[in-house]
Amino acid sequence: MIDKTVPTVEAAVAEISDGASVMIGGFGTAGMPDELIDALIARGVGDLTIINNNAGNGEHGVAALIREGRVRKIICSFPRQSDSHHFDAAFRAGKIELELVPQGNLAARIHAAGAGLGAIFTPTGFGTQLAEGKETRLIDGRHYVLEYPIQADFALIKAEQGDRWGNLVYRKTARNFGPIMAMAARTTIAQVRHIVPLGALDPEVIVTPGIFVQRVVESAPALAAVA
Amino acid sequence: MIDKTVPTVEAAVAEISDGASVMIGGFGTAGMPDELIDALIARGVGDLTIINNNAGNGEHGVAALIREGRVRKIICSFPRQSDSHHFDAAFRAGKIELELVPQGNLAARIHAAGAGLGAIFTPTGFGTQLAEGKETRLIDGRHYVLEYPIQADFALIKAEQGDRWGNLVYRKTARNFGPIMAMAARTTIAQVRHIVPLGALDPEVIVTPGIFVQRVVESAPALAAVA
Amino acid sequence: MNRLNRDQMAERVARDIPEGAYVNLGIGLPTKVANYLPADRDIFLQSENGLLGMGPAPAKGEEDWELINAGKQAVTLLTGGCFFHHADSFAMMRGGHLDICVLGAFQVSIHGDLANWHTGEPGAIPAVGGAMDLAIGAKQTFVMMELFTKQGACKLVEACTYPLTGLGCVSRVYTDMAVFDLGVDGAKVVEMVEGLTLEDLRQSTGLTLTLANEIEAA
Amino acid sequence: MNRLNRDQMAERVARDIPEGAYVNLGIGLPTKVANYLPADRDIFLQSENGLLGMGPAPAKGEEDWELINAGKQAVTLLTGGCFFHHADSFAMMRGGHLDICVLGAFQVSIHGDLANWHTGEPGAIPAVGGAMDLAIGAKQTFVMMELFTKQGACKLVEACTYPLTGLGCVSRVYTDMAVFDLGVDGAKVVEMVEGLTLEDLRQSTGLTLTLANEIEAA
């Protein structure tokens, strides 16, 4: 019997080691796998490459990872936020490398990795600073920039429900990057509000098939109630 | 009030004219929009470019379009089937042009069109006849073939339920090419088993958002009961 | 001359959005446009974070922080709306499925180049988000901005000096003083506020401006 | 020498599929492998037409023609299975998410080149389907075939003469006479049926064959 559920967030992140590349789902706080990130911080590994839409704000999640000095490089579309002082300080001090990627290219490059493409000609960024030095091509009268897939060793994502085969469904705009990061990471770890029995999820509405998920852990109930 | 439903299949296909490119959903008979194809045949237009996984079998659907001499070119992955004699005859007589595409490239090229990519480096077909004359590239130790998007003027697809905004859900393996063809065609026409009131479809489980669909028509009840 | 205030600008943009349009309103000023879309018309607002059919803000105390817009504000979903993942959301934008997007800008060139993501100042932390995707993806990209900065510099320019968001992507600019159509032939004045003349506009902007076919006073 | 029949070959392949594997069984001969997968192990069968967790054929009269496999036969869905569209289905294959795919073949080269889609005969209508995607996508591609054609030609060859499906993609070949591992160093014999010697195999195939580390009689 295959059972991808694990009892604790600590067990869920136990294979992540120094130097790993880690995708983290979420857009703003929606879909942010806070408890997995906390467990990753507690694990103490560093030199990480983080792929997330933002670079953290406030004192939690990605911001805390940066504050603790665990992040060597971040690939994101929108690092500058009202309360992103930990990223700002690390960036200005030259302690973190930033790869700034237009959000649609970020999504498409993650999707391309999951789908096995070698590279994609994307319409976004042509003629801008963010395409400097990149190969471009005129196709059918339109300019495109060649972009490469973004893969990762791990993805930490948040879903609403998951089963022991790793099938997931999400809730509202917390879905965001979860499904495509699950496809692009070698090991995908999903924090879910509820682990449900196999068969409880309608096969027509499963958003992430279990093939893309390696670990499922239920959020601590007390925290889930607050979230 | 926006209402994309139309009363008859004849009205649904009324804009398709000679020389149009038309994607047709379905894999085998599952998801094949038979009534829309019948209406297209009845409309009498020709010189069509058809994009479908197969090239029709028996006497219905794509096979009937070919039999009636309406198809100038077909883009598909698997034209040879047990009962594909209309295609076979037209092909051997030089009356139909065939662009044979590996099924994954077909899906990825349709998806690329819907997603606005200019071209994609795909892993499939390298070193084979089907990549002859195409640009290739070695990326990160693996060989890829450059493939271009497949767009179309129209897509004819079949879904289970649809509403007046064009939102669709599918049934089992009848989903297949429907969602990506809807994204890749300028005008997507969906034949559905049931038109449902706006709001009847759970926003979490809508597979094709209405933005990708321009017309929705309900299958004739008598035929739907047989299907 | 009666310059439009920001609400009047939003109202003016809203008038050009037809029923049935799929629209993305960028963060900041363009979000005001939603307030002026008539409730009895079906207009479909898309949010980059995976939402189509976005409704107004919820009542205070009824926020759901898993139902937010691109600006991370709590929103609602209209009956008939739906959710999807980020690749599908940006496929909508980049694949040309949106009819209109409305963006703010630092500068727009008379040929439609857009600069709205980065001031380029030394030490400024760049952040692009979905701006570049929106700019080049929609069938029509509208910009909504005051024509002049607080310092008096004209934001409609011959050529942008700020880092570009996209090339030749803006088709129309709505400002507090006039509405302009942009293109390869340069900027054409579509409308001016009462009391403003084409000559005034030419002088204050320093641009070669022509009149579009139909000119009407706002 | 006791050649394996097709069911025995299927049974032999099934023995190499571990619990938890995501597997695609190609149309034709490989579909037989499903009959020998133990029901008490969770093994996930994928079908290219948008199905994961494929179950056995339904009882006669209970077919649902919207629930079919790649060979267009009626199938069932296991509890925990799900449906998805074609781009997602081929992303599973091409993105390296399948552990194993099992394919039939016209020819396989000792370096793992595969020919299984087209005889190349004049007048033959080519059809490729998902063969090329499967061949190069899965982590391991197994081929299952009789070692010789009915005309006595060896199907494991130095270099394929039929049009190729993929280059260097097959890692293991299961035949009625022996199992071979393929790679840049050529073909290694993993197993032979009772009564067959390496020398017999070398003579009948005309190939330079070596033994893999552990050789066992089937």
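We call the chains A, B, C and D, going by the order they appear; numbering starts again at 1 in every chain.
In the analysis below, contacts are C-beta pairs under 8 Å (C-beta built on N, C-alpha and C of every residue); 3 or more make two chains touch, one makes a residue touch a chain.
Worth saying up front: this structure is predicted, and the values here are computed from it rather than measured.
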| item | value |
| --- | --- |
| Chains touching both subunit A and subunit C | B |
| Intersection of the contact lists for subunit A and subunit B | C, D |
| Interface with more contacting C-beta pairs, comparing B-C to B-D | B-D |
| Where subunit C and subunit D are represented by their mean Cα positions, the distance between them in whole Å | 55 |
| For subunit A paired with subunit D, centre-to-centre distance based on mean C-alpha positions, whole Å | 35 |
| Subunit B and subunit D, separation of their C-alpha mean positions in angstrom | 29 |
| Residues of subunit D whose C-beta touches two or more other chains | 77, 83-84, 87, 90, 93-94, 137 |
| Numbers and ranges of subunit A residues touching at least 2 other chains | 108, 115-117, 122-123, 170-172, 204 |
| Touch relationships between chains, expressed as pairs | A-B, A-C, A-D, B-C, B-D |
| Residue numbers on subunit C that touch subunit A, as the complex places them | 47-51, 64-68, 72, 77, 83-87, 89-90, 93-94, 118, 123, 125-133, 136-137, 163-167 |
| Subunit A residues within the subunit D interface of the complex | 1-2, 113-117, 163-165, 167, 183, 198-199, 201, 203-204, 206, 209-212 |
| Touch list for subunit A against partner subunit B, complex | 108, 112, 115-123, 137, 139-140, 142, 144, 148, 169-172, 202, 204-205 |
| In the complex with subunit C, residue positions of subunit A that touch it | 27-31, 77-81, 87-88, 91-92, 100-105, 107-108, 110-111, 122-130, 143, 170-180, 207 |
| In the complex, subunit D residues that touch subunit A | 19-20, 22, 42, 44, 46, 52-53, 77, 79-84, 87-88, 90-98, 137 |
